[in-house]
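Two complexes, one shared chain (chain A), two partners (chain B, chain C).
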Partner chain A sequence: MQATSTTDTFQEQDINYDVERLRKWLVNEKCCNDILPYQEELVSGFADLCEFQQSLVETRAEKDELAIVRNLKEMELERIRYLLKEYLRTRLRKIENALFYLWRDKERWSWLSAAEAEYAKQLYPLITTHFERSFLGKLPEKLRALDERDGDHHSPGNLDDLDEFVFLYATKEMGNVTTDPSSPVTSTIFIQKGEVVCLRYSVAKHYLLDESACLL
Partner chain B sequence: MYGDQATALVHHLYKSSSLPPYKEDAVRQVVQEIDQLYAQLVQLLEKANNDLSDPRIGGTAIFFHRVILRNKRCVLAYLLHRFYRLRDSRYLVMDDRIEENLSASEQELLTNYEQLVATYSDKVQIDISSSLYPPRALYLEVKVLKDCGTIMTENGPVHLRKDTLHYLKRTDIELLIQQGYLLPTS
Partner chain C sequence: MKSLKDSQRLTCEEVEFFAEDELIEIIPSVKLPVINLITGDFGPFEVGIPVTVPLWLAVSLKETKRCRILPPSWLTEENILAKVEEERNNPNSGLVQLHRHYMEIASKLLLVASDDLQQPFRIRKALEDLLDLRTSKLRKGLLNVRERTPFVKINRASWMELNSLREPLFEVLCTFASLDNSNETELTSSTQVQSQNVPSQEAQNRRTLRKYQ
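The block that comes next holds the complex of A and B.
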């Protein structure tokens, strides 16, 4: 697989760098409650490469390539396909879980792909119709609203705690990091490349987005 | 006591690990309780001319309102979490009994949901319903649990008769494993 973009010259030379990036974004998605930005370039690049590699494997098969070599190539292809599909599945599952929250907070939609946004738009009426058929439609008219707040002012379907603690692996030197910006006492730690730290997600998020760290 | 039915509904789902039968009667009873509470609330407000300055009236009205909201939230949580379990069951080996436990509305929701996932897969041109687990080998040894006729593989047609063992390419038989026709033995 060819690398497409990176800031690290050494990593650019590594032909599997994008596979590693995809794996990291998958783990990042799995390890936090937030929905991270969709990696359009990575996903579409891999989808095209997988198709190309598949056609290559089939062509070589006709040219009597050794069965073991062909099997290894196919196996590698399957593994990459799995990563790709699992990445998309994980994001869809998070969108489903945070559907009502997303519906209220339209700013978040910019982090979804066009297909995901369309998916969320179509899923919302499916679920609300199910609620109406099964329950809400049988209530007095004034009680049928879905987004009614309860006495604690919580709307249903909020994202879980976005300020949870997460384990972060520094892929580059992160420098001085303020561990809790909301605290009146400023506390900073110096994080070097290769170190593993436990931080609040709100602090870690910035480093995830610029790919100087990944979640564990 | 007010709210008991709704709590029991949520608890019933919480206690079971799979998807238990839909409790239509319990949902109906919660709806009746909400209707009754709402009627009492309206009656109280009419009697007081919407003046809630008297703490006895205001307190009672708030109590009725909070119980209504709590009941409503419990039933919605019940329905939503059943949907999550239903969605997750798609990725496991489909059990025929799961379909028996669904309400008519849930069956319709499941059909529409599957269509939605298929539309998404078409749009991104990646079938997300396959490759559910990290692949460990290209080929799998499987036992046929139910007759599934003849399937086409790249090495030619294979007849899958009940209680026979086969060594087949994983991608050719993944769907049959998901549907419970084949059982991987290796």
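The block that comes next holds the complex of A and C.
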């Protein structure tokens, strides 16, 4: 991965780097199975910005703004809305897939937005009722509980591949990183700014949260 | 419902979409005021005066014949052939440094602005050679992973190349990890003996760093 992109070449340009941050959090969500903290400030900020820009486009359309300028603004609005929608949709898909897991994990539950938590709260009874009506009710009573662990001690809705491999891109120098804390053999790697390393999500997570790295 | 993995993964189209945010220079053929976008303010656009805009905007203006696109300095036959030579002369070293979206930007410009490129057919041919060499290097690197390893450094691969490497590499790493885990379970009773034979950290790092380097 190249450390300097075209964006870096044009530093004099007046660029809103929050768009890049929004994209970064979308990619972070897409590239791991875990759910990450909801980016309230970014999402609400961009939702407001889109609304404001839309109203400007409509107001100026009535005046004398050139059609081409209006079209370009609308194109950009669609691009930003796509990032926003995809971010929210990716999180909703994760919530639906890991509902039982999130229900039990207080830390991750606190990372949901108020709307997401509400959605999960409404979804949970719907799914449990559906399971009960469709087959759980017909099983012996001791096998009916949804939070029972299976023979391999896996609980339902567990993110079994939470600790998958990911591509981590260092946006800052990360220094010495212990790459496999669970292994009896300690293994560390020095990660410099701009380097891409494939490693376990459990190692990457800390650096994603403090934004010193992102996923690719 | 699609599985989490399928619904989540980055697609090639999404990587292309992100590449369209890269900045590029154009020479407008019409006069336009400053365009106030959410991403930033671009312009003013004066006929014949270069201005920097995101790629998607440049493509949109080009498609309506309102500008000429100035290709990035690396997008010439000469520069790409130099990279091809560099890749070819160093078959056992890492990849050569290129723009992180080199293939997406080049493909887009070859598609919509081939008249702004010098000898687009030769550029396309050189790019294909470059892509073949790099893909072959990445594939070779994948074959070098022959044991459990906690990390693999992959420097200088473009985003699209990483995306195509994702599935096979993760599968190989996970397979070795699961094989190793089953060995560990079998050998728990002899942990005491094993700990005496644990390789030094330096040797471990050297072994894992060899991949892709």
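Here is the rule we go by: the second predicted complex is superposed on the first by the 197 of 216 C-alpha atoms of A that agree within 3 Å, B and C clash if a C-alpha of one lies under 4 Å from a C-alpha of the other, contacts with A are read in each partner's own complex, and residues count from 1 in each chain.
Methods note: a contact is a pair of C-beta atoms (placed from the backbone, for glycine too) under 8 Å apart; a residue touches a chain by one contact, two chains touch by 3 or more.
Nothing here was measured: the structure is a model prediction, and the numbers come from that model.
Participant: Go through the superposed model and pick first if A:Met75 touches only chain B, second if only chain C, both, or neither.
Facilitator: In the superposition, A:Met75 contacts both chain B and chain C.
Participant: Contact-wise, after the overlay, does A:Lys138 reach chain B, chain C, both or neither (first, second, both, neither)?
Facilitator: First partner only, chain B.
Participant: After lining up the shared chain so the two structures overlap, which partner does A:Ser55 touch, if you call chain B first and chain C second: first, second, both or neither?
Facilitator: Neither partner.
Participant: When the two structures are laid over each other on chain A, which of chain B and chain C touches more residues of chain A?
Facilitator: Greater contact footprint in residues on chain A: C.
Participant: Would you check which partner chain A:Asn97 touches, where first means chain B only, second means chain C only, and both and neither mean what they say?
Facilitator: Both: A:Asn97 reaches chain B and chain C.
Participant: Quick one: is A:Val19 in contact with chain B, with chain C, with both, or with neither? Answer first, second, both or neither.
Facilitator: second
Participant: Report for A:Leu123: first if it touches chain B alone, second if chain C alone, otherwise both or neither.
Facilitator: Only chain B is touched by A:Leu123; chain C is not.
Participant: Please identify the positions on chain A that touch both chain B and chain C, taking each partner from its own complex.
Facilitator: Residues 71, 75, 79, 82, 93, 96-97 of chain A touch both chain B and chain C.
Participant: Sort out for me which residues of chain A touch chain C in the complex.
Facilitator: Going by the criterion above, the answer is residues 1-2, 5-7, 9-10, 13-16, 19-20, 23, 27, 29-31, 33, 46, 49-50, 53, 66, 68-69, 71-73, 75-77, 79-80, 82, 90, 93-94, 96-98, 161, 164-165, 167, 179-180, 183-189, 195-200, 203, 216.
Participant: Which residues of chain C touch chain A in the complex?
Facilitator: Touching chain A from chain C are residues 1, 4-5, 7-10, 14, 17-18, 20-24, 32-33, 35-42, 52, 56-57, 60-61, 64, 66, 72, 97-101, 105, 150-159, 162-163, 166, 169-170, 173-174, 191, 194-195, 198-199, 201, 204-205, 208-209.
Participant: Mind pulling up the chain B residues that touch chain A in the complex?
Facilitator: 27-28, 31, 34-35, 38, 62, 66, 68-70, 72-73, 75-77, 79-80, 83-84, 87, 103, 105-106, 108-109, 112-113, 116-117, 119-120, 123-128, 130-131, 133-135, 137-138, 170-171
Participant: Considering the complex alone, what residue numbers of chain A touch chain B?
Facilitator: 43, 47, 71, 74-75, 78-79, 81-82, 84-86, 88-89, 92-93, 96-97, 113, 115-116, 118-119, 122-123, 126-127, 130-131, 133-135, 138-140, 142-143, 146, 148, 150-151, 156-157
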